[in-house]
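Each chain carries a letter (A, B, C, D and E) given by its place in the written order, and its residues are counted from 1.
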Amino acid sequence: MSIITVSNLKKSYGDLEVLKGINFNVDKNDVVAIIGPSGSGKSTMLRSLIHLEEINDGTISIDGQELVKNGVYAKAHDLKQITSKMGMVFQHFNLFPHLTVKENLEIAPKMAKKEAIKVIQQRSEELLHKVGLTSWAKSYPAKLSGGQKQRVAIARALMMDPEILLFDEPTSALDPELTGEVLQVMKDLAQEKMTMIVVTHEMGFAKEVATKAIFMDNGEIVESGEPGALFTNPQFDRTKAFLQRSLSS
Amino acid sequence: MSFDYILSVLKPMLEGAQVTILLFLIAIVISIPFGFLLTLASRSNIRMISWMAQGYIYIMRGTPLLLQLLFICFGLPMLPVVGEYLVLDRFVAACLGFILNYAAYFAEIFRGGLLSIDKGQYEASQVLGMNRWQTLTRIIIPQMFRVALPAVANESVTLVKDTALLYAVAVPELLHFAQTAVNRDFTILPFFLAAIIYLLMTLILSLFFKFLERRFKFE
Amino acid sequence: SSTSAGESESDQKTIVIGIDDKFAPMGFRDENNEIVGFDIDLAKAVIEKMGATPKFQPIDWKTKESELSSGRIDLIWNGYTITDERKEKVLFTKPYLSNAQVAVTKADSELTELHDLEGKVVGLQSLSSAADALNANDISKNVKEITEFSDNVLALSDLKSGRLDAVIIDEVVIDYYMTKEKDTFKILDESLAPEEYGIGVKKGNEQLLNELQSALDALIEDGTAGEISKKWFGEDRLLK
Amino acid sequence: MSFDYILSVLKPMLEGAQVTILLFLIAIVISIPFGFLLTLASRSNIRMISWMAQGYIYIMRGTPLLLQLLFICFGLPMLPVVGEYLVLDRFVAACLGFILNYAAYFAEIFRGGLLSIDKGQYEASQVLGMNRWQTLTRIIIPQMFRVALPAVANESVTLVKDTALLYAVAVPELLHFAQTAVNRDFTILPFFLAAIIYLLMTLILSLFFKFLERRFKFE
Amino acid sequence: MSIITVSNLKKSYGDLEVLKGINFNVDKNDVVAIIGPSGSGKSTMLRSLIHLEEINDGTISIDGQELVKNGVYAKAHDLKQITSKMGMVFQHFNLFPHLTVKENLEIAPKMAKKEAIKVIQQRSEELLHKVGLTSWAKSYPAKLSGGQKQRVAIARALMMDPEILLFDEPTSALDPELTGEVLQVMKDLAQEKMTMIVVTHEMGFAKEVATKAIFMDNGEIVESGEPGALFTNPQFDRTKAFLQRSLSS
């Protein structure tokens, strides 16, 4: 069963139609790679899923609940509950600079007050271990390299125990040398069957890890499918042109 | 210039400095939160409130503090009908003037601080499920204060120096006593002493803020 | 004696007296920064007589009427000249001391008469009766420039440093300075205008005025005021 | 409050405003280049010069302008021996005080401006074969002024307001006349008029700087 | 004949020895790609050639003239004349933001005052045409994309008619989509036989365009040679490890 279904998603900024009726599904345990040229609407689409952008029309269901139906959003309380099933990792990490790494992980769960502090602290230690940053727990983000920051951001998202993780170009702001460590953490998550949607320019990662690839251009999904097939045998000229440009450079 | 003479001149000046320090503390403690409220008001979604806050800030920053002090101390009591209820004690009037004026400056500083905070901070807070109040108090305000700290330090030093205006509303302060002594004894020495006292006060204040800045460096 | 004798005895009423603390010998600060002077001593005696406590509040002389009308001070009492214009806004006691506005120059100046001020730079205290006296005299139209200072001392110090050619000032005040600093100043022959000092009370407060007047009269009567005058001027100058 | 009355009060105030404007123009025109020289001096490789410049800036920024004005106008003539040669015309003394004070502030602003310029600008100039002087005058200073413009604007508005201090050295200005009228006529109106004149002056100045900022936006 | 010879180049920052005795030659018309992990000293080496860093020991000759001999630099006047044979393109472009594109190109030649303004203007127009930015002549740099900025920077360097062009990671600050246009300009220059030294992470470019590749690690040149050989058959483990990491990500 689909954990995310998007139908007829439309979004404009003023006169500029950025998403022109998008339809797609994501199944549980899918790793979806979203690729496409700059300005094609990838970020806008991803951000719409977690309600960082308000869409103009269309329906988005998450895990069977409707976040927005034909352009009408759910009630505030439901909205919050629905989006809480997702975590998001940003291109520029968006760590809280005034909190230590450990505090970055723990602040949101503590604010939510659903669990004992003990439990939260234990999980933050586990997750820091998982992303290999146990020894940086007490450091402030400013001290970390880009790759380390992004791993903290992933751990922070995982603290809220999401069923789905969204990534918006998680390695684009990193030195090429540092992308590897972040991609490794993402591969591990894929192995653990985390459902993920990843906007990326990393064709290698898309080919290797993704179970599904979506190619967007100009506010539309041009084609989608199994990544191997899409990369080696694109059906449309637009896809072909884009892949050629991306792979050659 | 005997040591005794210096002491005798210094004594009233130090008493005046106490007034300066007291006014400084009162003004800073009240005008910082008031300034922050003004910042929030000026960013309010309600047009009226945001206009009023911005107009207030504009007027306070566009006219001399000295005029504002004279206005509050001598102008208000002259208003028809309500005037007689607006006769404030002169020290209270001075505090009020400084608070009203500095709140506007702090509001501008905090506005800049808020603008400097990346949109990503709000977005990260939102996707982590924090509500607006939590985001404001736990994420935004601490960062805003950190960004604003150097400007706040600057403004505080200016506040110390602006206490020299107190004499216009007849609150006897440091500089007034220095001036009295200069005129009485026909020597420039009290001005030097006053300069040293002001430098000491501003130095200590700067060091305190330097300490705060280092303390909240987040590195 | 202290500047803020204040609330020593709680049942006693405090009367706040606005003064210019740079107006020797009427009210000024001595080497110990204490406020002293003829008007100060007289005020202490009179207020005590009234059964109240005096509190001396140094103010910016420019704002004295504003201070009075706001009620922050109860009296203006520091060589305060009675003028018709001021009578419109302030209640005055009967005059207790006579004075004149005079023009003062440096001792070595060539100026000798009032009309020598033509084309000269003249200083005086802002919003003082010296300004009125000068304006009432024709010479005011011929002086080069009139500069207003926040107190007399600044004006005198500018005269000494040579930025001013003359200062218009209360005779009482310059007399005092001339005994203190001999050979520094000289007074031009003619005085500008005779005048009298009174005590200013807020309009509408006739009761305070009356109490004040009777206490003042009593002290003049019994010679206390005369003693104070002798202490400061070497003679009894009080108007009876 | 007849119209005639307003006019009669306004006339001396506007004359006072002329003094304000004149002093403002003189002070700004001289203190900006002087401030820039101070910036250069404070970055000098010669220790003595850089220390002296920094000390100067520190003292001027750490003591009240009012004290500095009194010092120059009434203090200097009281110096033993040299005092009699230091009797400046009071308007000249006021200008000098404002220039000396504001140069220190502008120096700090320009220092910040210089720091904000990327090292890469110097390197690019060097590899393109430009010498130090060419780099400074053609590449660095224009960018520094651009960066400093908003702060210079702010400081200039402050300068307009600080002219209210002129009363202390007996230069008759706007606020002095307003105060005179208030005390004479027992009405708050002159304070309002003064506020409006100050607001107008600061508004025009701000608009002028906004124009400059837009003009030199480099976009 | 070598146009650049470097021997025993040593450079330290305090106690940190960043270059530990570097030796290499560059022949006329060579395109040298310098690769290596972050912090290995590539930038420092490149910047030493054009006197943006002062070295501690060693000799650098440019076109037969000694910029520095056994750690002793030439006289100021000679220094300037020697470095003027080289142009440099930076990672962050370092355009002059307060000058238009055309002014950016013309300011240095005008300052040098060797040529008539007419001649300078004519060349700036030619070069703008060459990098495809004729229509942007009057724009300020802020208006340009990263790729366009870097092309302006290249044109600006060419205005001084250098015999050698140095590039320090010219495409690292660019969106992947925009690197192509910069690499194309560099390829054109290679075709015109410009001598170039390029510090780069773009293995594709290094393989395709470079005539020589130098692999640096830890302040030393580990190996160098014909790029095809070096990439497919590295002699040292360090090179192998680096290439594996770079090509996989």
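We take it that contacts are C-beta pairs under 8 Å (C-beta built on N, C-alpha and C of every residue); 3 or more make two chains touch, one makes a residue touch a chain.
Everything numeric in this text was worked out from a predicted model, so none of it was measured.
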Enumerate, in label order, the chains that touch chain A and chain B alike. none
Touching chain C and chain E alike: which chains? D
Quick one: point me to the chain whose Cα centre is farthest from that of chain D. A
Just how far, in Å, is the C-alpha centre of chain D from the one of chain C? 38
Per the C-alpha centroid definition, the whole-Å distance linking chain A and chain C comes out as 82
Once you find the CA centre of chain A and the CA centre of chain D, what distance in Å lies between them? 53
Where chain C touches two or more other chains at once, the residues are 63, 66, 69, 154, 157
Set of chain A residues in contact with two or more other chains: none
Listing for chain D: what residues touch at least two other chains? 74, 78, 179, 182-183, 186
How do the chains pair up in terms of touching? List each pair. A-B, A-E, B-C, B-D, C-D, D-E
In the complex, chain B touches chain C at residues 8, 11-12, 70, 73-74, 77-78, 84, 87, 89-90, 167-170, 172, 176-177, 180-181, 183-184, 186
For chain D, which residues are in contact with chain E within the complex? 118, 120-121, 123-131, 134, 138-139, 142-143, 146, 216, 218-219
Of all residues in chain E, which touch chain A in the complex? 37-38, 172, 175-177, 179-180, 183, 201-202, 204, 245-246, 248-249
Okay, in this complex, where on chain C does chain D touch? 62-66, 69, 89, 123, 126-127, 147-150, 154, 157-158, 160-163
Which stretch or stretches of chain C touch chain B in the complex? 21-22, 28-29, 31-33, 57-60, 63, 66-67, 69-72, 151, 153-154, 157
